[in-house]
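Starting off with a structure, shown below.
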Amino acid sequence: MPKLHPDRLFPADPTTRAVARALYQSIAELPIISPHGHCDPSWFSNNQRFIDPAQLFVTPDHYVYRMLVSQGLTLDQLGVARADNTTAETDPRKIWRLFADNYHLFRATPSQMWLDYAFENIFGIDEPLNSSTADLYYSHIEHCLGQDAYRPRALFERQNIELLATTESALDTLEHHAAIQDSDWSGRVITTYRPDSVVDPDFEGFSDNLQAFGAITGQDTQNWQGYLAAHKARRVFFKNHGATASDHGHPSACTADLSPRQAEQLFTKICSGDFTADDAEIFRGQMLTEMAKMSLEDGLVLQIHPGSIRNHSSQIFQSHGRDKGFDIAQRTDFATALRPLLDAVGMEPDLTVIIFTLNESAYGRELAPMAGVYPALKLGPPWWFFDSPEGIRRFRESTTETCGFYNTVGFNDDTRAFCSISARHDVARRSDCAYLAHLVSTARLDVNDAHEVAYDLAYGLAKSAYRL
Amino acid sequence: MPKLHPDRLFPADPTTRAVARALYQSIAELPIISPHGHCDPSWFSNNQRFIDPAQLFVTPDHYVYRMLVSQGLTLDQLGVARADNTTAETDPRKIWRLFADNYHLFRATPSQMWLDYAFENIFGIDEPLNSSTADLYYSHIEHCLGQDAYRPRALFERQNIELLATTESALDTLEHHAAIQDSDWSGRVITTYRPDSVVDPDFEGFSDNLQAFGAITGQDTQNWQGYLAAHKARRVFFKNHGATASDHGHPSACTADLSPRQAEQLFTKICSGDFTADDAEIFRGQMLTEMAKMSLEDGLVLQIHPGSIRNHSSQIFQSHGRDKGFDIAQRTDFATALRPLLDAVGMEPDLTVIIFTLNESAYGRELAPMAGVYPALKLGPPWWFFDSPEGIRRFRESTTETCGFYNTVGFNDDTRAFCSISARHDVARRSDCAYLAHLVSTARLDVNDAHEVAYDLAYGLAKSAYRL
Amino acid sequence: MPKLHPDRLFPADPTTRAVARALYQSIAELPIISPHGHCDPSWFSNNQRFIDPAQLFVTPDHYVYRMLVSQGLTLDQLGVARADNTTAETDPRKIWRLFADNYHLFRATPSQMWLDYAFENIFGIDEPLNSSTADLYYSHIEHCLGQDAYRPRALFERQNIELLATTESALDTLEHHAAIQDSDWSGRVITTYRPDSVVDPDFEGFSDNLQAFGAITGQDTQNWQGYLAAHKARRVFFKNHGATASDHGHPSACTADLSPRQAEQLFTKICSGDFTADDAEIFRGQMLTEMAKMSLEDGLVLQIHPGSIRNHSSQIFQSHGRDKGFDIAQRTDFATALRPLLDAVGMEPDLTVIIFTLNESAYGRELAPMAGVYPALKLGPPWWFFDSPEGIRRFRESTTETCGFYNTVGFNDDTRAFCSISARHDVARRSDCAYLAHLVSTARLDVNDAHEVAYDLAYGLAKSAYRL
């Protein structure tokens, strides 16, 4: 068996597999729409070579290093930067060897499938990665990275990416996006408005961030109206750098719809620093509704990513800072939490709110029933750990019967692991085709309809939902 | 592929499919027991023709219009009556065309399968419904509806219905059931006692309802003993109109077992109108236990349908009223909530309590373990959005190992979409046979036992559990 | 079809089935590691014959009698001892006949598969059990039990058990383990430290238990330091009787990490008897962290079994006492609950904490993400009702993609039904091989890797995780 089997992820039953293969073949070459992710725009503005194999595949990929840490390796051994920006292990060959020595840990994980895809399709290596091939891999990848064909813009094109959205803080200058726009390169890299650092009172440095938010917009951000105006101004600025969406990562799906006066009073309390956890929660919830109302004006799609406990390990947060693989989901309720927002704007046909979840229990119980009736609400694809063959299967099986395909929005790769983008879309396309083939072979979906749906899931829905 | 494939919903593996087909063939012609649903009994007392195709298939079916609304059509455009009983769109052909134009939205949903079944098996149309066939469909169905063979009683018989239970408010006169009983028609249409409007203090018009409850029973329904006596009287009245069950739609599964004195004090508080949300919750919970105790006397089966947030959109509730497709489930816990009732009566072998849920997380964790030990408790079939191939599969996979087949009660169609009844039972029978075939092909169930179980799931269990 | 099909539980697709069969054949004969269970060590110290078929298969197996009770039989009819140690039905033939008459209730349950396996593989009976074969079964099993080959030690060997861990209270004398150690029998039966009765303030007789705990250790167990020292002493004693693990059955997964002074104050309050439900919860949670810290010293593996509401029926608890099949799971959250313990010791590579759950919703949302990053945390196998083909499938499908195979710990039978041990391990091995074959046939796992993983899941991981 070659490392990448041409029929991988297709159902084993021969008849169903043939249907899946035909569906996949009809959409496999479609360009990639990546409307939500975390690549660094400077890669494309500067187009500098990637530094080394470890910094390409290991240190930026929390899926990779979290698994290694779970078996006793340390972030320091793996060269993951500390909170003070120092790095303990600086020899990329050592890091790569640790990774290779432990590659069996990734058996049957999506990481293995993504990595193998990139190794084979981007770097042309079809031997398995293990201790004995570690050096061969390292040398070969290092050699490639020195070539122009492996610079960011070339890999963007090689991966057949039509559009890539990155995500920037509300305080970002967007200089790299401006540089890309001003360059002669035709790749389409757009930003996304992510205002958590000036919306979440519990964010590190929130008070300072508000100050900076005022400075960057010229608004009085200690004043409710000025604060809202600052958001509106930044949304315009982000739109001018390509943004078609905002994104909001909140601990819960709580929304609120306070009266203007209540909202103003709450904001004053938040600014004073003398607020409770409940105040912060309601303020975040109110801001989702405010953002939805701004979306009705400026057309930005509103994305909500709730339910992750960020930085679960205080020890790692102190030593290594945010986003080091220690984000754990918690139960998140939606039916009650989203009601204030949906009561305010849920029936607006011109608004698009895309909701994601890490709580699969809510797929069929709450999210599909809501997306299946509120015109403004759409379901984001399976998120984070569920961006996987089994995760995608459960998502489709739990939501399609209640909200159909057309209240979903295609795939998001949501990654900062650049070389995994084409791999992730390939897994999603194969997984969706496997699901569609299963529907066809059990006579729940006409095969011609299945071809239309396959196209929509791979390409059409992402373009239309994100207004691209 | 014909629109309805003869092997639809059977597993793709040829060996397993053959087992499923054989199981299905042995039970496909069994008459339908429909022990829980929402058809209008006046259809069968008056036997008037159905008005038009839109009023048969679109306006009464919240599965249908909710999906259309989710993509931006309005209830007004679809001719769904407003709260003031006016209807915006009165041209059924226009409504039908909107429905047909958007029929692709239903791909891979159970609605599509139910509708296609009715179109083909009841109306003899085997072309796909879409914009180009919309008028053909309309004219053909309209033509049929004018014929005697398409009047309600004829369709009842055509659908091979042995028994149909409807659901009426505690305040209903049951005149249509009386008329059916007095008619020369032999179809068995029975009622079900649904006292939510006089049990739930949060129900619209609860106080007036209590008055009417007193008037209709001659009891002092402001007095706890009189109130209980009124229920007992109405239960007798409903039994005389065929009822074998009561039904209770509560926001949660909360039950209570107060002392008589506490219950009386709580009732007094409820009657005063000066009560908290907790009081209302406990009162509803206490009434479930009271109803269970009455069931021990009069033999009615107690059905509990908890966990739906009714009328989730305030906007739609104001414009169009109750039950317009905006009911969303919420997390519902059972293990703690049902404990008071089960402690009071759960060990009674002569009591049958049937519990439904929209919270699939509770199937394996709470409901199957409880139904697998308490003699009084049985699991209702997958409810509402889970009355579907995937929903039925998950239900069986999550419950059978812990409570077996014999603590479940067969299928409920739970519908007011009359022409979908045979379609829904067909989907349920096929889905159960698919599951049983899977057990047979993995040697977890003897094939002869599977035939017995198939019969029980399709027919026997509903008759015995509902005491029909 | 013979009662036990050689390909039972393998996928129906022929290609996948062949892979599953090959995987299974390579591990089917491996000896059984049973690192967590509830067998009675006196069986092996005394090696007395089992009393009769009913006392072997019916009265000790809550899976069996709970299903019979769910259909109206009583614990008294089934000869299950009352709280006062009397037994209503004392004729084992009558009990056996009730069991046989109702054996159809177990269709498609794991109990049926386990029982049929024991009947066929241990007792050589391959006819189905039912009313007509009841007496034949009884006489044959009774005849066998009188032979030396059916005494406990012989059955231990016949079942190919390499190691069996039992579970004893902190107050146990471990005399049977000592006797086994001193005997000339080479079977390895070890104990496990289970201190719930002296850790859980809500345990019956907690205060008396604390006294006994002091008496047995010579420590002042009314004093926090003395109480901790008593645990340390007992842990040493248990280790001397083979223990490699402790086990903790708590109502929730709550953990705490109080300061020494806070912990001492809380303990004083608990000892006074004047404490709240919250105090008890935090105390249990603090003790998990204390135990984890002791594990860092003495190397015992820490097992946490949270989330069961014990003795759900007050009526049965009063009449028949603890552990009579009326334990029902409830929703259990982990991400927040385990954080204090994980913050204290979760990054310790030399600690092993094994977490179990009855709440499958947490597999993918909380448990796999945590086990996939914290070096100290491993996932226990599917527990209790989920120790079944479907339960094992859902466990693997929900966890593997996020935490891989190597953060899981193999299988636990967790049983007191001795003759089911080999049956349960066989079901687990077959179910895991079915899952692995599915991964191979969809090209997510190399077949050679699958063989390695099959070995690890069946044997290697249990040995290493439990330090055996």
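Think of it as A, B and C in the order they're written, each chain with its own count starting at 1.
Operating definition for what follows: a contact is a pair of C-beta atoms (placed from the backbone, for glycine too) under 8 Å apart; a residue touches a chain by one contact, two chains touch by 3 or more.
All values derive from a computational prediction rather than experimental measurement.
By the residue-number overlap criterion, the interface of subunit A with subunit B counts as different, with under half of its numbers used by both chains. After Cα superposition, the angle needed to carry subunit B onto subunit C is 120 degrees, rounded to a multiple of 5. Separation between the centroids of subunit A and subunit B, computed from CA atoms only, is 40 Å. Contact with two or more other chains is made by residues 11, 13, 331, 361 of subunit A. Residue ranges of subunit B in contact with subunit C, taken from their complex: 11, 13, 15-16, 331, 333, 335-336, 339, 342-343, 346-347, 349, 361, 364-366, 368-375, 377, 397-398, 400-407, 438-439, 441-447, 449, 452-453. Taken together, the subunit B residues at the contact with subunit A in this complex read 1, 4-5, 7-13, 66-67, 69-72, 104-110, 113, 128, 309, 312-316, 325-331, 358-361, 385-386, 388-391.
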